[in-house]
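In what comes next, subunit A is part of two complexes: it sits with subunit B in the first one and with subunit C in the second one.
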Partner chain A sequence: MAKPKVAFFDFACCEGCQIEFTNYGEPAFLELIKHVDVVEFREAMSEKTKDPIDIAFIEGSFTREGDRARLEEIRKRAKIVIAYGQCATTAGINALKNHTADYRKEVYGKDAGMPHLDSQKAQPISAVIKVDYNAFGCPVNKVEVLQIVSHLLHGKEPVIPDYPVCVECKRRETICRYEEGDHCMGQTARAGCGAPCPADGIPCEACRGFVSDANQAALKKALIQKAGFSEARAEGKSRMFTANQRGDAK
Partner chain B sequence: MSAHFIKESDFKAFVSALIKAKPVYGPTAKRSKFVFSRLESPEQLRLDYDVTLLPPKKLFFPTSQDLVRFDGDKFEACVQPEEKILFGVHFYDVKALDMTDLLFREKNPDWNYLAHRECTTLVASSIQAVAPRAFWGSVGREVQPKGHDAFLTKIQGGFVYEPRTPKGEALLKHGAFGKASDEQVAEARKANDDIKKRCPQELKKPSASIARKVRAAFDDETLWDKLAEDCFSCGSCNTVCPTCYCFDVQDVWNVDQKSGARTRTWDACLTREFAEVSLGAGAHENFRESRGERFRHRIMRKAVYLNEKLGGPACVGCGRCSSACTSDIADPVRVIEQIVKA
Partner chain C sequence: MKKDIKIDVHHLTRVEGHGNIVVNVKSGKVEKCEWQVPEAPRFFEAMVRGRHYSEVARITSRICGICSVGHTLASVKASEAALGIRVTEQTFKLRELLKHAENFDSHVLHVYFLVAPDLAGAPSVFPLVKTHGEVVARALRLKRLAHEWGSLIGGRTTHPTTVVPGGFTKLPAKKELETLKERLLAAVPDLQATLKTVLSLAGAIPAFDRPTEYLALSSDDAYALYDGQVQSCLPDGKRQRWPVSDYRKVTNEYMTPLSTAKYTKNLRESYAAGALSRFNNNYDQLHAEAKKAAAALGLKPVCGNPYLNSAAQVVEIVHSAYDSLRLIDELLKSGIREEGLVKPTKYAQGAGAVEVPRGILFHEYAYDKEGMCTMGNCIIPTNQNHANIQKDFDKLVPELLAKDKSEKEMELALEMLVRAYDPCISCSTHYLDVKFVK
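Let's turn to the complex of A and B:
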């Protein structure tokens, strides 16, 4: 069987998730490319392709109507589309702009008029095309990405967790941030990262977004009652990575 | 079997000798909490612990465990039991281990668990500090702790050591033990009886009557939805529970796409995807879709469903779930109180 053709594409993002793909270390990366044929990947090669591809990794959010045609074109020639990283899966941090009246002035000051800054609502790529699988995270978990690729190579459905980070903290006997007088959002955040942040004493910021049935009301209540947050701070706290998943998503 | 006594001043040397003889796992400090971990020195052993973050079950049934390793067409089982001593287990965790022993042994014996369990010498110990949410003094009174090889009790000036099996007796040779006097044995008995009255929480009714009331509340959807209103479906109550034993099995390939492992990982029925099943052709359904249904299932499992098989409730009153629940809605004592009231 010919090696599956894999290509990377990017929209509104920092391309950090693609960089993550180059971080496996030489032995693992060289082993991996024995099994897949990377045909387009601008972080690591200059070749591009217009041929059909087997797996398209798409990083970044859909923020400009002008990008619609390019997304549709990728979908047309890709057997499998993977939304790659939080910007692609839920619009992640980019979706913060949906809640800001004049993001251009606020962020770019005197350069606010530059034409490429003219963008609309930040949306996941699934708002435009059908997405087969999601690789969550800001950045993606490269071990998980490798598993997704492995499962696809073996004709198996990738297994992507949809349970909260608490599961992973408890498994590794991390003392809960709330027990230490801190706050956390792991109760509503999608696991799959292995919960490294709370283990290092840092609250979970939900960088993989919410689980699909996140109890947002209970999160707010915990932030107020257990972490001592003000009503306003508790209300807005989860927005950084979940602006498009919250009850007040635009 | 007769009771033995070891002086406080000789105790460290005893633990040191055990560590030299075999790997020893015991309660150790993790900042403000405690965990079971392998001892490198007797100073690490904290018999004054109140409760550990995870129960000792993790030594026989690890949070993530390879069952089979494969390479192309070749495969091999991964059971590699380690002769070890598990030292300083409180009686409620002994009860829980006895339950998981039974559950993993019945029908298809699960050697991935049993092999680890059977090559372990289990030394129970008296409780010196009571956890803030403990209710082991009142839950499942009809179930006696068993399955341990010896019981160690802190008394004035030292410890009473009571072997229950030849395995427990075999440890005597590692320490400067003398025969315990009748007074010392009586003091140990009193210490173990007295501590049971010091739990901050208490179940007021016997197990059988609780089981009847809880089962009778099965169809009260409003009640369960209300109890689960603040539930995060985070599975913390399951994950820290000493009697939970569900797991998920997945195949993981190595980067060579040829070799890999079949691995089992602890699962949790409070999480939404636990009850999601395939209907074929890409469709699926969830047979416990609401928070209330999942919450109810846990309480039924702990207070009702397994009672006949285990001789009592599948809850030992360690209070780990109560402490682990961020919304503080998992506490079996409070939940049962509310059900009985409703």
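Let's turn to the complex of A and C:
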């Protein structure tokens, strides 16, 4: 197989997942680019192409109708589309604005009506085009990304975890945040990150979204009964990165 | 000389976020010359309302993937001001060490990956792997060092975990700090080689002079990155300081149809923020080794060439490495202690500022009695630079026309100018604003 052509594209996001790509260090990065040919990556390179692409990494959420054509064009050119990072997979943190109606006014005040400030609700890119694989996380787990690429290069199906973060905390013997008098969302959060947050002394906030059959009512109950949250705070907390996956998603 | 020029750079490459350059010249007359910012706005200020103070920084960190450490630090500082929290000396020093890691990290990325290709006549760093293999390998070594240095203190560098209002949830071990010190010392030859590489390419840095107002944090105690007051330095060297809580009086945000990011101005029609602004404001407090690097690069305050922002970044890379060695020694001498988090003493409104790689960053929040956020406001360095970039364009385009530059040369000169500012556009269109709780 010839070196696959890889390209990176970005929509509404912080571009932090692209930055993770530069954090591999010398051996892994130089090895990686022996196996793939990076043909387009606006944040890092001026080269552009109209040619077909083997793997397109798309970062960011779909928030403006004006971005639809660009997404469709990428889909047409790409054999495989990977939604890269949480903004692309579920709209992650961007979707927090979806349940508020006044976000434009709150931010731009009297200028909110200016046409170039258009922004609809934040959606995953799968709302516009077919996505073949998801690299979850805010940010992505760069080791998992290497595994996904490696699987694809070997013609195998990437394995994307669909079990909760609690499994990974147990595996690395992290004391449960609830035992420490804190709260946590790890019981319904999708694993694959390696559970760094509870190990660093902060709660899991489900930045990779929910597992596919998450018991959202039980999560809220735990936040209220075990962590002592008010109803409103439990609601808000369980929406942090998962607004689009909740029962009340807009 | 009476020529037509049409430049339309849609989504400029090798910058973080989306920006356009549009220039129309008809028969030698400039009809349009615009720096446009079409980045999709994301509305963070609306997102933090109703959030507990312990999670606000983890939301606003997501404004930017490159300077998420800086957003986290500005955010916890603002929350601490609002909550009446005074952090310990150990926390202060560890945060300074973390701030150095971020600036070092981002400057390495910018100088090697985003700017150097222009100077070496390449479209990106990828072709340089073949032609300048050792330079690329060195860049990756330095990038990795910075990433692991920041991760040791902040948990990770993209959206840090351990930095919270009141202190740190996890501390580095003595052994880990000793190892970091060894690695920084071992990186000195790479720093010297960086300076040499930049000097070898410096001939390609355009000559251009448009002195402006330079805004940066400033402190009597240190070359201000983590903490200080707001200071303005004018081209004649005249300086003025304001407390961080007066940041709105200094930034004066306004909207423009050219941009989804707000613009700012202070004493003149625009001002600059970033490495060159810090250098111009605070040169005297640089580490001696950083001053040597500045001398080698021919960089002197007050410098009015915005293209030399990248050179100022190189000076700061050296400063951050050496000042971090000092901080590590002090931390090792006093010993790392488990201190617990400092608790809130009030619930009110407060502002915080840090110097992120691209310049001065302000966050401000108000909290209710339950510790829930009622208002957020963030003013991003790149916003503060947008108006100044436009003013540079207004002066540069006629100068390039007078020199009879071709369309292609003009386009490259304008692209390089924007890149020199190292804009972080997704940051700048995060948009938050501001309702005062009266």
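Operating definition for what follows: the second predicted complex is superposed on the first by the 241 of 250 C-alpha atoms of A that agree within 3 Å, B and C clash if a C-alpha of one lies under 4 Å from a C-alpha of the other, contacts with A are read in each partner's own complex, and residues count from 1 in each chain.
Please note the rule applied: a contact is a pair of C-beta atoms (placed from the backbone, for glycine too) under 8 Å apart; a residue touches a chain by one contact, two chains touch by 3 or more.
Not measured: the values here are computed from a predicted model.
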item	value
Fit or clash - subunit C, subunit B, common subunit A	fit
Partner chain(s) touched by A:45 [first = subunit B, second = subunit C, both, neither]	second
Subunit B versus subunit C as contact partner of A:16, first or second or both or neither	second
Subunit B versus subunit C as contact partner of A:166, first or second or both or neither	first
Which of subunit B and subunit C A:197 touches, first, second, both or neither	second
Which superposed partner A:65 touches (first subunit B, second subunit C, both, neither)	neither
Partner chain in contact with A:73 - subunit B first, subunit C second, else both or neither	neither
Residues of subunit A touched, compared between subunit B and subunit C (which is higher)	C
Subunit B versus subunit C as contact partner of A:231, first or second or both or neither	neither
Touched partner set for A:248, first subunit B, second subunit C, both or neither	neither
Least C-alpha distance (whole Å) that remains between subunit C and subunit B when both complexes are overlaid	13
Shared contact residues on subunit A - subunit B and subunit C	24
Subunit A-touching residues of subunit B, taken from the complex the two chains share	30-33, 35, 53-54, 63-64, 229-236, 239-240, 250-253, 255-257, 260, 265-266, 268, 271-273, 291, 323-324, 326-327
Contact footprint of subunit A on subunit C as seen in their complex	11, 13-18, 38, 40-43, 45-47, 49-52, 55, 58-59, 62-66, 68, 109, 113-114, 117, 123-126, 129, 136-137, 140-141, 143-144, 147, 155-159, 161-162, 164, 169-170, 255, 257, 260, 370, 372, 426-427, 431-435
Touch list for subunit A against partner subunit C, complex	10-20, 22-26, 29-30, 33, 38, 41-48, 60, 63-64, 67, 92-94, 96-97, 100, 102-104, 106-109, 111, 114, 116-117, 119, 138-139, 196-197, 200-202, 205, 207, 230, 232-233, 236-237, 240
Subunit B-touching residues of subunit A, taken from the complex the two chains share	24, 28, 31-32, 35, 146-147, 150-151, 153-154, 156, 159, 161-164, 166-167, 170-173, 175-176, 178-180, 184, 186-188, 211-215, 217-219, 221-222, 226
